[in-house]
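First the structure, then my questions, so here it is.
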Amino acid sequence: MRIEVNGEPHEIAPETTVFALLRTLGVGDGPVAVERNHEIVPRAEHASTLVHEGDRLEVVHFVGGG
Amino acid sequence: MSDALHIGSFSLRSRLIVGTGKYKDLQQTKDALEASGADMVTVAVRRLDLNAPGGDSLMGYLREKGYTLLPNTAGCYTADDAVRTCRLARELGMSGLVKVEVLGDPKTLFPDVVQTLQAVAILVKEGFTVLPYTTDDPITAKKLEDLGCAAVMPLAAPIGSGLGIRNPYNLEIIRNTVSVPVIVDAGVGTASDAAIAMELGCDGVLMNTAIAGAREPLRMARAMKLAVEAGREAFLAGRIERRLYATASSPLAGVIGSKLG
Amino acid sequence: MSDALHIGSFSLRSRLIVGTGKYKDLQQTKDALEASGADMVTVAVRRLDLNAPGGDSLMGYLREKGYTLLPNTAGCYTADDAVRTCRLARELGMSGLVKVEVLGDPKTLFPDVVQTLQAVAILVKEGFTVLPYTTDDPITAKKLEDLGCAAVMPLAAPIGSGLGIRNPYNLEIIRNTVSVPVIVDAGVGTASDAAIAMELGCDGVLMNTAIAGAREPLRMARAMKLAVEAGREAFLAGRIERRLYATASSPLAGVIGSKLG
Amino acid sequence: MRIEVNGEPHEIAPETTVFALLRTLGVGDGPVAVERNHEIVPRAEHASTLVHEGDRLEVVHFVGGG
Amino acid sequence: MSDALHIGSFSLRSRLIVGTGKYKDLQQTKDALEASGADMVTVAVRRLDLNAPGGDSLMGYLREKGYTLLPNTAGCYTADDAVRTCRLARELGMSGLVKVEVLGDPKTLFPDVVQTLQAVAILVKEGFTVLPYTTDDPITAKKLEDLGCAAVMPLAAPIGSGLGIRNPYNLEIIRNTVSVPVIVDAGVGTASDAAIAMELGCDGVLMNTAIAGAREPLRMARAMKLAVEAGREAFLAGRIERRLYATASSPLAGVIGSKLG
Amino acid sequence: MSDALHIGSFSLRSRLIVGTGKYKDLQQTKDALEASGADMVTVAVRRLDLNAPGGDSLMGYLREKGYTLLPNTAGCYTADDAVRTCRLARELGMSGLVKVEVLGDPKTLFPDVVQTLQAVAILVKEGFTVLPYTTDDPITAKKLEDLGCAAVMPLAAPIGSGLGIRNPYNLEIIRNTVSVPVIVDAGVGTASDAAIAMELGCDGVLMNTAIAGAREPLRMARAMKLAVEAGREAFLAGRIERRLYATASSPLAGVIGSKLG
Amino acid sequence: MRIEVNGEPHEIAPETTVFALLRTLGVGDGPVAVERNHEIVPRAEHASTLVHEGDRLEVVHFVGGG
Amino acid sequence: MRIEVNGEPHEIAPETTVFALLRTLGVGDGPVAVERNHEIVPRAEHASTLVHEGDRLEVVHFVGGG
């Protein structure tokens, strides 16, 4: 199943949740925020939110900046 | 002295807000922030590097030290991108405090005031505490206040240019025009620039490059801390009038040699 | 940090030198000096009022507090009067430290450089530690150094005018030309002026009216203390270059919405 | 015997020393410096220095100044 | 020299554009315009006074003398009022040339850039040759060019303030950013201000108060004519570089007294 | 208009005095002088090259064209050399008009005011019409006037630096202090600098490098001619006051849409 | 019939044209422009355009301004 | 007979006048001024003024300068 994460194509299994995706991406439990198709996916819903074919996700965190 | 700066529900002891970018390494970042005495620091929202994920160690430090994080939308060129970035920042930070920065072009990094106004209107409705980066145009500053911004942040000069306070008149007019705090954002090059901003009556100064880009960032951070306090105190102290000619500071009478002492 | 200012055999922790004239009363004078953090303060030599003799209580305080006294020749318009005043000052103060100030006219209170050079030549021969008030002319500053002055004290603007650093170029050239300390004397109006003087590489700032004439002298004294330290630190820290265009302070990569993150 | 002190005429008795003059002037022991006819009279010599007819003296002290 | 200024289909010999308001009387207006050498003059659109109707005698004179009329929308605070005013101006003037001026507030008379952009978009579609009064923000200037303005007219300082070129950096950036003519509009106080605007590479200067409000308007009109030409010529001539130190202008060799002549 | 500049017994139509050095060739020199409109030009006194003697063709041209020659003492570092050079100049020129320039060091080319005063005292006694190059120190300027100089020529910035009017305050004070003509000598970089000097009330401007060093000397000469006239006219016209806020230049009444027209 | 001209109320007869109105207003033949209810009334149509009850007209001309 | 002209040594015959010297130096009749031992030699006296052993002369003219 093809999706896009942070502007790059990704292949994932069907029925994958956002939570599972983050795990497979090896994202630690450092604070990250997820946007799916321009909508925030609140942390509380990561485990219950399924990723669909063609979804465009942004996975971001804070970095130093001015 | 208790002369705190109140922005929305936030109360800052220090009127110097600093960025966390462009330092040599993590240690230098920490030391410079420490030396600056800042309570509030800006951070950027960026995509996680999926080839090297894992939290940024700086953020842990900032949270542990209790810094107030001011996420910015640096790099956004449209209201939509800025709004999305702010929503992600809130999800990351819990607090709804954001620095809205919608750029007009990559060469000047001047704000696109039209896009900025659009983003601000949406974000205020969504309950964010919005601090917009803007030009030194008093009319735009007033519009931003009327939209509900918690402060306005006019530029002194292009980001990272170090040109200092290029148009004190406009900053003074903005200070007279809005009632929310006025934070001079961008353009400061050295300590006296920060002092001048405060002497104009501005409520705070935000900077990054002036410190991170100095030969000795730590020392410049300390200089900026002192300069912001100096400028603030001088503003409150009420400076002497300017005059073209002199006035003596020693008694005129009793000089030796004079006939009538 | 140990960044003392050495003038002749004197070593000062603070690079701010303040005058002791023009305050509302004795208490305000004491408080302002305290707040300024100055080690060295200027005093004037005046005829004793024979109708109301008795020592000036301020002097007792200054001595007891251990301030280094810098007697000036304010009010003198000839080399001869200045020399006599310095000799009296030495008799009064034991130390041979003097601020030579030979005025050219009462309206500008600009120095008469010819008379100043004459007075300095005599005083140096007599073993005084001479700090001359002078114009911002590099050639005159060099002559004063060559005569043996322990420092040179160019004006930034007329005494008490508050016009600030009117000609930074000349001060910079003076700083590059002489090797003795350069103390900016006269003309400072507010904190940023003092910071600018130090950022130019000057070694100290001397002022009186800017503090004593402020609406809140105490507060301005504190502002000046901070400003001199800020300017000094900024000078040592090495400021960023000025450029007409911008340079981003947040990472360029990883902005959301962009195609290639 | 007429002299001048701080620019003003004064009448004093003959054989008056600088020390005595200061006393008659009521000058406290606060630090003062004395110049006679453009020459300093060191404190140590106040008691041994006689004032003469027509002498011009300056008696000064430090005051606040900038 | 043939160095005409081209705005849309109009070609002007003089790069000085002047207003026709605030003069003592009709004769003074005529004389000042004459002395200014301007080809293009601004006029305002106002309601006819129904208690004393009849054409304004100045307009007859301007038409007869062949001045190019630039109607402005002075006094308008909304895009709608500005658009209506421009349509009335075209009906009055036959030509579609207009100076769009949508004000943000009566105290600063700064433009409302949002309303200005809206008005400009409509007017360009309707075929007007639009010269917008704007801030010195390069991003807004670019938007105005992209909308199809024939020139952009950033302010140097508030209308009638006489503060001169307060931010040469922004004007220089605007000049580098847009390809249409840049006319500095408002804020000029004296001749050197106009010269500086031209030396920055701006294509023209528009003013009214600086001339009409001078003690001798006629003389100031002449001064401004000369200053605009001087600044333009200096810009084209290519000034010398600035340097901190000196370079002799007489031969170094052959001075008398020297050993090897 | 007849607004001649009177220096001693000389009367000049043009208030621009130009140097004759540093041009590409003789033709360029002639053309630039012509374009500048100057009546008075400076020349240097130099040893005849005994390996290639023969008169300088430029001098023939200058005499034939009727330029008033102002010989300078450029290159002299002592009063004695300057005096000898002036005597030779008089022997060469018949007229006793001289520009006294005694330099303090080769890097700044600032005047040595002590040596300058000595030279001036001697030359005035010998009947010369003396125009001294000096610093912008009002006290020295007054001494020079009191010695009998026909004008004083303070520098605006180092010779050839192009830094412009670095300290307008001092020039203004000098203008208020002396009654002989004040000619700004050295430091002008572009047209607006010359205009500013005249707007300060100075009586003339002397320059060489700003014209000879421009990319197009001829054009810059023309620009300087216009700028000096512009500045002079603006000074005489009486500029408007500066104010922080705006004043409208179009009628406030009769704007369409308003309820009560 | 009530109308408004330049922000002030006016009483005119029915069937009045813009042209006639201008005459009654004593407007000379100096160049004026007319707007009716936010629409320009071109000079060529002044004679053929009727003014209606409640119309809001603007009658303007050029004046000196900067 | 050795003299110095414009800082450089010169050998001339005895009994040479300033006028003659200028000729031998090939100085045209362009305007030049002469100083001998720090004293001006007026043009009118060139022919009558003898140059002596060790004299130091300056022969100058105007050149372009600012």
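Going by the order they are written in, the chains are A, B, C, D, E, F, G and H; count residues from 1 in each one.
What we mean here is this: contacts are C-beta pairs under 8 Å (C-beta built on N, C-alpha and C of every residue); 3 or more make two chains touch, one makes a residue touch a chain.
Predicted model only: the values in this text are computed from it and were never measured.
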{"item": "Pair exhibiting more inter-chain C-beta contacts, C-D or B-F", "value": "C-D"}
{"item": "Longest centre-to-centre distance from subunit F, chain (CA-based)", "value": "A"}
{"item": "Averaged-CA centre spacing for the pair subunit G and subunit F, given as whole angstrom", "value": "62"}
{"item": "Distance between chain centroids, defined by C-alpha means - subunit C, subunit E (Å)", "value": "46"}
{"item": "Between subunit C and subunit G, centroid-to-centroid distance (C-alpha), Å", "value": "73"}
{"item": "Centroid distance [mean C-alpha coordinates] between subunit B and subunit A, Å", "value": "33"}
{"item": "In subunit A, residues with contacts to at least two other chains", "value": "6-8, 35, 58, 60, 63-66"}
{"item": "Subunit C, residues touching no fewer than two other chains", "value": "19, 21-22, 44-47, 72, 74, 84, 88, 108, 110, 159, 163, 169, 173, 208-209, 212, 244-245, 249-251, 254, 256-257, 261"}
{"item": "Contacting chain pairs - touch in the sense defined above", "value": "A-B, A-C, B-C, B-D, B-E, B-F, C-D, C-E, C-F, E-F, E-G, E-H, F-G, F-H"}
{"item": "Touch list for subunit B against partner subunit F, complex", "value": "169, 172-173, 244-245"}
{"item": "Touch list for subunit F against partner subunit C, complex", "value": "104-105, 108, 110-114, 117, 135, 137-140, 142-143, 157, 163, 166-167, 169-170, 173, 177"}
{"item": "Interfacial residue positions of subunit G with respect to subunit F in the complex", "value": "6-8, 35, 58, 60, 63-66"}
{"item": "Residues of subunit F defined as touching subunit E within the complex", "value": "19, 21-22, 44-47, 49, 72, 74-76, 80-81, 84-85, 88, 107-110, 158-163, 189-192, 194-196, 199, 208-210, 212-220, 222-227, 229-234, 236-257, 261"}
{"item": "Of all residues in subunit C, those that touch subunit A in their complex", "value": "249-251, 254, 256-261"}
